[in-house]
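All remarks here apply to the structure that follows.
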Amino acid sequence: MRLHSATCWILACVLAGCGFQGGGPERRPEPVIVFAAASTKEAVEQAARDFQGQTDTPVEVSLGPSSGLAKQIEQGASADLFLSADQASADYLAAKQLVSERRNLLTNRLVVVVPADSDVGVRELRDLADPRIRRLALAEPKVPAGEYARQALRKAGVWDKVEGRVVGGIDVRATLQFVARGEAEAGFVYRTDALGQSKVRVAVEVEPGLHDPIRYPLVLLRREPIREAARRFYEYLGSEKAAGVFEHAGFGVDR
Amino acid sequence: MPLLEFSCQLQYPSGFRAEPAFVTEAPVTALFGPSGSGKTSILSMIAGLRRPDAGFIRLGARLLFDSRTGANLPPEKRRVGYVFQDHLLFPHLDVRGNLLYGWRRRARAARAVDFDKVVRVLELADLLKRLPQSLSGGQRQRVALGRGLLCGPELLLLDEPLSSVDDELKQRVLDYIRRVLEEWRVPTLYVTHNPAEARQMAGWVVRIDQGRVSAAGRPEQVLTEV
Amino acid sequence: MSESFLGLTAEDWQAVWLSVRVSLAAVALSLPFGVAAGWVLARKSFPGKALAETLLNLPLVMPPVVTGLLLLYLLGKRGWIGSWLYHWFGLEIALTWRAAVLAVAVMGFPLMVRAIRLAFEGTDPRLYQAARSLGARPLDAFLTVSLPLARNGVIAGIVLSFARGLGEFGATLMFAGIRPETRMLAIEVYILNNQPGAAYEERMWRLVAASALLAFAALAASEHFARRGRRHASA
């Protein structure tokens, strides 16, 4: 009985394998591969779907911290486009001769979020020194959201007071989740992240002068050759239609 | 008062049902019978390592087990010195450690058996630092005997003490056992399938067949028809 | 930065040392439970044993990130048990070093129990009975006979779960977050790999070498004890 069922399994697997290969290579265009900052997730995915519906060219979106994505690209990841949440990551790739073209696409605002039911009463950055803020979620250093947040905290003169309570997220969305789950009493994310998460509310809109301007460069990466579809999506992301998607998600569009 | 009263029922997983019952007053009693007749189970039940389904066990004035009252002394409180057929010496302890295992766990005042004397009588002085794995069958038997004795038992259980000893040494081991029994006079239950051994060692023989006592009496009465 | 030992800087050694410390604490925490569970599984049969075994081995096959998430939902400040601990004892677990220790302990537990259980299964239960009959109470007999006989397996279990702990990443990241006291080797390597720049790269490779070295040493030790255990059992 056992042997019998084992045989059936093997047979089923073999047949499935045949079916898998027997279908033959469908002629599908190769996807455009986009590496995008975690904060742009929903908007870029929406733009990719729109583009795919219009042109039948599939788009694959890979998300993560911009700094980490830059490292992956440097290490040979086969990306066509890179949408970074800071200039530094794009500059890094430019220094490695990996950038073909770039343009500033989006702007964003840094905010302090607290759990939706928080009663700590955070109104400005100085309030983060309140002992009831036991943990402060920041993205890791080098991750853009983490860098902006550290700049702002230093400039506001509260870094020394909160440094010991920092818990790091590997990207801005992981950071957001710490606050959403109530494990951290406050955290720094982008305004756009806060809009999509009902379990947090924005407590402070951080004064933009406290950190480097938050500008998202879109990079057409140097690949040999640069594929036509990749360039078309690069252009598409700069179009008015895509701008509508980004603005709907709360981004500013760098026109 | 009899030395040992035993009357228990035990159902084996195989369906075999044992119902041995006997009383003895002799200093040395042989449990005699073919292998598989349930002799070792009787020792296990007396030592508290196996729980009978029903019945009672009384050692002197102490009730070790009684299924009606629920009395069931744990093994460590029964004060029986069980010398296993395969010795079960502790492999991680040397001979001294094995000998003293039970002795150390007796209250100081209750340590009736003298360590040095056991070592002398059983001629273990040269073996004290050895590990059990390095001993011969006869040597192991002597250590096991000494260990059982040193825990200060009110009853010594010897399970086929000659089974793992070479033929030419059997008489020597018997002599050791006899010397121990003469020296310390511990009441003993001696399990064997060999009529000659039973005749030589015991003053009372309980014959076990298929889990039941088929005869009991003086050796010359019980062992004649063998 | 200039002072270095084996090519690792003081800062690198700190990451190594932190990993070792967290792993050691996790082993110390889980050892009593591991010994108990290994013994019960080796010696006892009870209804639901198969289910208990499956649950026990779950962290071995479940994605570590999922394990970490479950821990967070159980022991987070707003988790089922965590909220209670926080409310009554002010005890915070999630996002602290305690969380790192706990995550590492949970992930290494199946390995520890497996080795200990095998060791108990390899020893004769009648030796424990012999000890009882000689006057030892249950715990006494266990500590002086059963446990010493299984000691090589216990040591192998300790080393194995310790080594597993050194490499813990997913569960710790979810449950403990990234904090100075949770930046163990694997997490440090991951973070460094996310940070563009040659200095980060160099440091990352030094830590990669350090983890490989540590893992190698731990495995060699575990093999050593496992072999000794087999020799001991066959003697």
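For clarity, chains are labelled A, B and C in written order, and residue numbers in each chain start from 1.
What we mean here is this: contacts are C-beta pairs under 8 Å (C-beta built on N, C-alpha and C of every residue); 3 or more make two chains touch, one makes a residue touch a chain.
What you see is a predicted model, and the numbers here were worked out from it, not measured in a lab.
S.K.: Farthest chain from subunit A, going by the mean of C-alpha atoms per chain?
M.R.: Farthest by centroid: B.
S.K.: Closest chain to the overall C-alpha centroid, by per-chain C-alpha centroid: which is it?
M.R.: Given all protein C-alpha atoms shown, the central chain works out to be C.
S.K.: With chain centres taken as the means of their Cα atoms, state the distance from subunit A to subunit C in Å.
M.R.: 34
S.K.: Distance-wise, how many Å sit between the C-alpha centres of subunit A and subunit B, to the nearest whole number?
M.R.: 77
S.K.: Would you kindly tell me how far, in whole Å, the mean C-alpha position of subunit C lies from that of subunit B?
M.R.: 45
S.K.: Quick check on the complex: what are the subunit B residues that touch subunit C?
M.R.: 47-49, 74-76, 78-82, 84, 88, 90-92, 101-102, 105-106, 133, 147-148, 151
S.K.: For subunit C, which residues count as touching subunit A in their complex?
M.R.: Counting only subunit C, the residues touching subunit A are 72, 76-78, 92, 94-95, 173, 177-179, 190-191, 193-197, 200.
S.K.: Quick check on the complex: what are the subunit C residues that touch subunit B?
M.R.: Those in contact with subunit B are residues 124, 126-127, 129-138, 140-141, 144-145, 148-149, 232, 235.
S.K.: Where on subunit A does subunit C make contact in their complex?
M.R.: 64-65, 67-68, 70-71, 74, 88-89, 92, 134-135, 137, 140-143, 166-170, 178, 181-184
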